[in-house]
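You will see two complexes here that share subunit A, one where it goes with subunit B and one where it goes with subunit C.
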Partner chain A sequence: MRFPKPRRVTLYILLVFFAFLFLLPLWTCITTSFKPVHDVIYTTPVELPLSPTAEPLITALNIMQRPLLNSFTFTISAMILSCLLGSINGYILTKIRFRGSDTVFLFFSIGIFIPYQAVLVPLVLTMSKLGLFNHIEGLILTHTAYGIPITTLLFRNFYGVIPNSLIMAAKTDGAGTWTIYRRIVLPLSLLPFVVAAVFQFTSIWNDFLFGVALARGSEAQPASVALANLRGTTEFQWNVQMAGTLWYALPVLVIFFVLGKYLMRGYMAGAVKG
Partner chain B sequence: MLTKDRIVTLILFLPSLVLVGYFVYVTIGWNVVVSLSDWKGLTPSYNIVGFDQYTRLFQDPTFFTALKNNLVLILLFVPGSLFLGLFLAILLDLKVRGEGVFRGIYLLPFALSFVVTAVLWAWMYNPSIGVINTLLMKTGLGFLKSGWITDPNVGLYCVVLAIIWQFSGYTMLIFLAGIRSIPESQMMAAEVDGASGFDLYRLVVIPQLKAPALSAFVVLMVFALKAFDFIFVLTDYSDYTYILPLMMFRETFSMNRFSYGAAIATILFLLALVIVVPYLYLSFRREKE
Partner chain C sequence: MVSVAIINLTKTYGTTAAIKDLNLEIKDGEFFIFLGPSGCGKTTTLLCIAGLLKPDKGEVWLGNELVTSSERDVYVTPQKREVAMMFQDYAIYPHMTVFNNIAFPLEVRGEDKSEIVKRVTATANLLGLSQLLDRKPRQLSGGQRQRVALGRAIVRKPKVFLLDEPLANLDAKLRVKTRTDLKKLQRELGVTTVYVTHDQVEAMTMADRIMVQRDGVTEQIGTPEELYNHPANLFVAGFIGSPEMNFTDCTLIKEGARLWLDAREFKTPVPTQVAPKLESYVGEDLIMGIRPEDLYERKSVKGSTQKNALRMTVDIIEPVGPYLLLHLRKGRCSLVARVKHTTARVGQEVDIEMDPSKMHIFDKKTAKAII
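Here is the complex of A and B:
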């Protein structure tokens, strides 16, 4: 629908105004990351640096390097595992089915929404018992397990539209569960795999609660926890804090700009966060 | 009958069944058991004392502070995000040039980690050289300067504002998809009947957005219950932003009162269940039809 002209001007003013509000925190983060201490004090946060420097970025990277590497390791591993399992589950729950498969799915779905506080104490105990406390493997296991409900939902939505006749035809040709999955379902799964992978990467990368509860030592510390600590140790060095924030946010920003439309599909299919 | 094919299915499904069964359901049950014990300190004790922790909780003034703050947060954040998201969705639906760019900008905060947004907003709200106060000074609005997040009177509202900023792009996305699924013919019919501008949205579009509004509502409610990262990083354990998830974490991991923390966690779980189960039940019934 189109409004008459003067109202269209108001419309764009509103849109730009909101765009400004939404971008302001990120913009000042970028400008401040390139400012020496002097500029942080003598320029407003929205202004560009007077004498741009990469110093804060280098300082922050030195502190964040190991945690960033840790985060990459467990995020990518748990992303791959939870997507594979989700794909298999989605296939079984839509195309194989068994008595009670809808109930199983309902119980999986509840897993999407539970406040993780409700599992935190037993989770910490379990990881200690398994000797995985403060270990990357513990985070991989945790993020894989809690990722299964949402990836199952995502793949189930996609597989719901694969025609059953396709599966039936393969069955009459004598193909079994695994063959049908590998030969028919998997080749049709590029899109759901991209959507689920992008979704899982960002949510695991962004996690803080599991990280702070399961990996307090430096060996497995995630970047989210390192950034929160950086905020404590560099209280007045805003430029270093902002630079650390930028490093930590960078992979998600890249995904957002390159694969944003897939991320949106994930959000719309039952987005949850936190 | 247990055919070879059934065994294959079982083997494929088993890892997920075990993982979800253990990490979601066994741990929740275990947490309830811990909440009924008297475990304090670092060695687990399963000396069951019944509902002692819950009785203590209901006599603990900090519990009610946290509950009250949690409620204020929910009452402001949930409608706030829904309305701003709806407003942005309607703006974008008005055949805007560069719609994709605006949509991307509004959604961007939602993709970021709460730790990122907490540090960003700490910088926005910083009273001495932070973004908001500096901009107010420069534009001659210095009298509006405030301690923001450090001010006990407005700190909680500052948190609410920041998480509305982070979530309204998400509600916008959900509403926009809902608006776009309404057939064009209905809109045209209403226009022929003389409806125009925002009337068209009020009379024709908004009444049809119940389903997206409900799913966004559930996501926002559950988030508002368990919001932890953002407030923990931004304000630590300040009284005026102390909510149940913070209390749970502090009692458990700072004070080592494991059974007490587990009791708070159980209450959080039950509150989430009250919101989620009816919703899941409804969506399942709709799917079956």
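Here is the complex of A and C:
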């Protein structure tokens, strides 16, 4: 039997150590979620609960139910809309092209770099003028608009790899711009759609700032804001807070487990072919 | 089936002109080939006919229909032109089966289901694709993909076929077979075909007529025989024929009543029937061209060098099966001769003779053929 080289062994030890380090917060989050208040006080966060209970999870879910539903609604809507629009933009910018299309793309790119904080005041004013303040629709519109630049960039890079001859062939075959998109480009876009969807889902789901600015305390309040409110004002209910965090983190975790391999491939595809 | 006419077509990319004032008439049902080195504007011309590219200037006519004219602001989209195009990389849709690929042009035109099935089946039979209809492109070989692309082009019975280097990605053996198949198919369908290639053998074997292009400029248009036997200039003479035509710098001199081509190493009389055309060039620098098959090895007769024969040293002998290529040298002059057999060995001297009626003479300044 051959033993692995010492350098390999060192590498693995380091990797395991860092993996452990990164998983520690999640671990404490899980353990604390199953602890009654007594255990929270008398055990360290890393330790297992003395008398495990699901009560914090149920309490947290009761409070978080509506905000979680809100978050699902606007996250999925805005994700679908921004991916579709990004895909259409990417198609037009790479395969149709028009006078000034590079300039248009430049503006899209600038959109990626506008910090959330910079638009907060005009955003809130606009939304209240539109009557969308404290409404789910307002959050959908905002997140869609903010997602378009990055999805456009992503799809544009991907569509750059689709050979132009394919589009030209479809044109001579008699297909119009929209038919080419629907019949040729869209069916070839599974990979960028997965990548863009995961990216959009995570960033919209995790957003706090727009949520707190546009829908705090209202019926439309997102889960991220509700989670912050779990902290309470007089006492710290660590176990309920951790349970709420667990509920809040669950969808993102599931998505990464299910679609992780597509995501890696998508990133690679972008990396190899600039 | 229609004719194709191109008038004063010009297309510029940045500052370089891909096509300059191209004028061309392709006859109804003709197999017409654009031949030239890469980057000479062949594909650009093809894209302008298809409507996939708008020219800066000029007109394109398909039969009696004006489809492109920048002056009169006419532009018929590629979707509305009755032309089918086949691309060098085949451009078959990777997510569709062979059946769906061939059916695509019919589907987008809104043909009904039963008609689509009928025509796709017929096309697949014609091209030997019947067994592969359910396959996806990635499960096909290069030759099969090429036929799928061809099927997609012919299924809708277009008026004009545009083929952009359709054989370039096939291996040598398959290319020769497909060449014949393609020519046969074109005869059967009788569709006006415009074909782009950089391979002169392909062009010579398939075309009714060939246009030789270089740097966006037409060098010559003619039948394969015309291009081979009467090249209009040095470029065409050198581009067509393999091995290449031999070229030698020479000066035209007059001795008594006869005209001679003096190439320093040898001197050869100008045949009397072409002499009048050359009268005005006496004293000027010319280039003489002779094809390797028009050079003969004279069986050595006792005595000194024969008249009109050139004694040269054999550098290399290349056997090419049915014939041999002799690479010959004398001073700065080197020639390739194509002979049936030879007794000469490398390093030996042989007497070479040429058929003066097969001689080509070019003006060195203009590169144009004089005879």
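The working rule: the second predicted complex is superposed on the first by the 251 of 274 C-alpha atoms of A that agree within 3 Å, B and C clash if a C-alpha of one lies under 4 Å from a C-alpha of the other, contacts with A are read in each partner's own complex, and residues count from 1 in each chain.
Definition applied: a contact is a pair of C-beta atoms (placed from the backbone, for glycine too) under 8 Å apart; a residue touches a chain by one contact, two chains touch by 3 or more.
Owing to the predicted nature of the structure, the values given are computational and were not obtained by experimental measurement.
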Putting subunit B and subunit C onto subunit A via the overlay, clash or fit?
fit
With subunit A as the corner point, what is the angle to subunit B and subunit C based on their C-alpha centres after superposing, as a multiple of 10 degrees?
90
For A:Ser71, is the partner it touches subunit B (first), subunit C (second), both, or none of the two (neither)?
neither
Once chain A of both complexes is superposed, is A:Phe208 in touch with subunit B (first), subunit C (second), both, or neither?
first
Which partner does A:Gly176 contact after superposing on A: first (subunit B), second (subunit C), both, neither?
both
Does the superposition put A:Thr31 against subunit B (first), subunit C (second), both, or neither?
neither
Mind working out whether A:Pro187 is in touch with subunit B, subunit C, both or neither, as first, second, both or neither?
second
What is the contact status of A:Val252 with respect to subunit B (first) and subunit C (second): first, second, both, or neither?
first
Scan A:Thr94 for contacts with subunit B and subunit C and give back first, second, both or neither.
neither
Count the residues of subunit A touched by subunit B and by subunit C, then name the partner with the higher count.
B
Once chain A of both complexes is superposed, is A:Pro163 in touch with subunit B (first), subunit C (second), both, or neither?
second
After fitting on chain A, the minimum C-alpha spacing between subunit B and subunit C in angstrom comes out at 8
Touching both subunit B and subunit C, residues of subunit A
176
Flag every residue of subunit B that touches subunit A in the complex, lowest number first.
4-5, 8-9, 12-13, 15-17, 19-20, 22-28, 30-31, 34, 44, 88, 91-96, 102, 104-124, 126, 129-131, 134-135, 138, 165, 169-170, 173-174, 177, 187, 191, 196-197, 200, 215, 218-219, 222-223, 225-229, 232-233, 245, 248-249, 252-253, 258, 261-262, 264-266, 268-269, 272-273, 276-277, 280, 284
Using the touch definition from the top, list the residues of subunit A that touch subunit C in their complex.
163, 165-166, 168-176, 179, 183-184, 187-188
Residue numbers of subunit A touching subunit B in their complex, please.
1-3, 11-12, 14-15, 18-19, 21-26, 28-29, 32, 40-41, 44-46, 85, 88-89, 92, 96, 98, 102, 104, 106-111, 113-123, 125-126, 142, 144-146, 148-149, 152, 176-178, 181, 202, 205-209, 213, 224, 227-228, 231, 238, 241-242, 244-245, 248-249, 252-253, 255-256, 260, 263-264, 267-268, 270-274
Counting only contacts in the complex, subunit C reaches subunit A at residues 47, 50-52, 77-79, 81, 83-85, 87-89, 91-95, 104-105, 108-109, 152, 156, 162
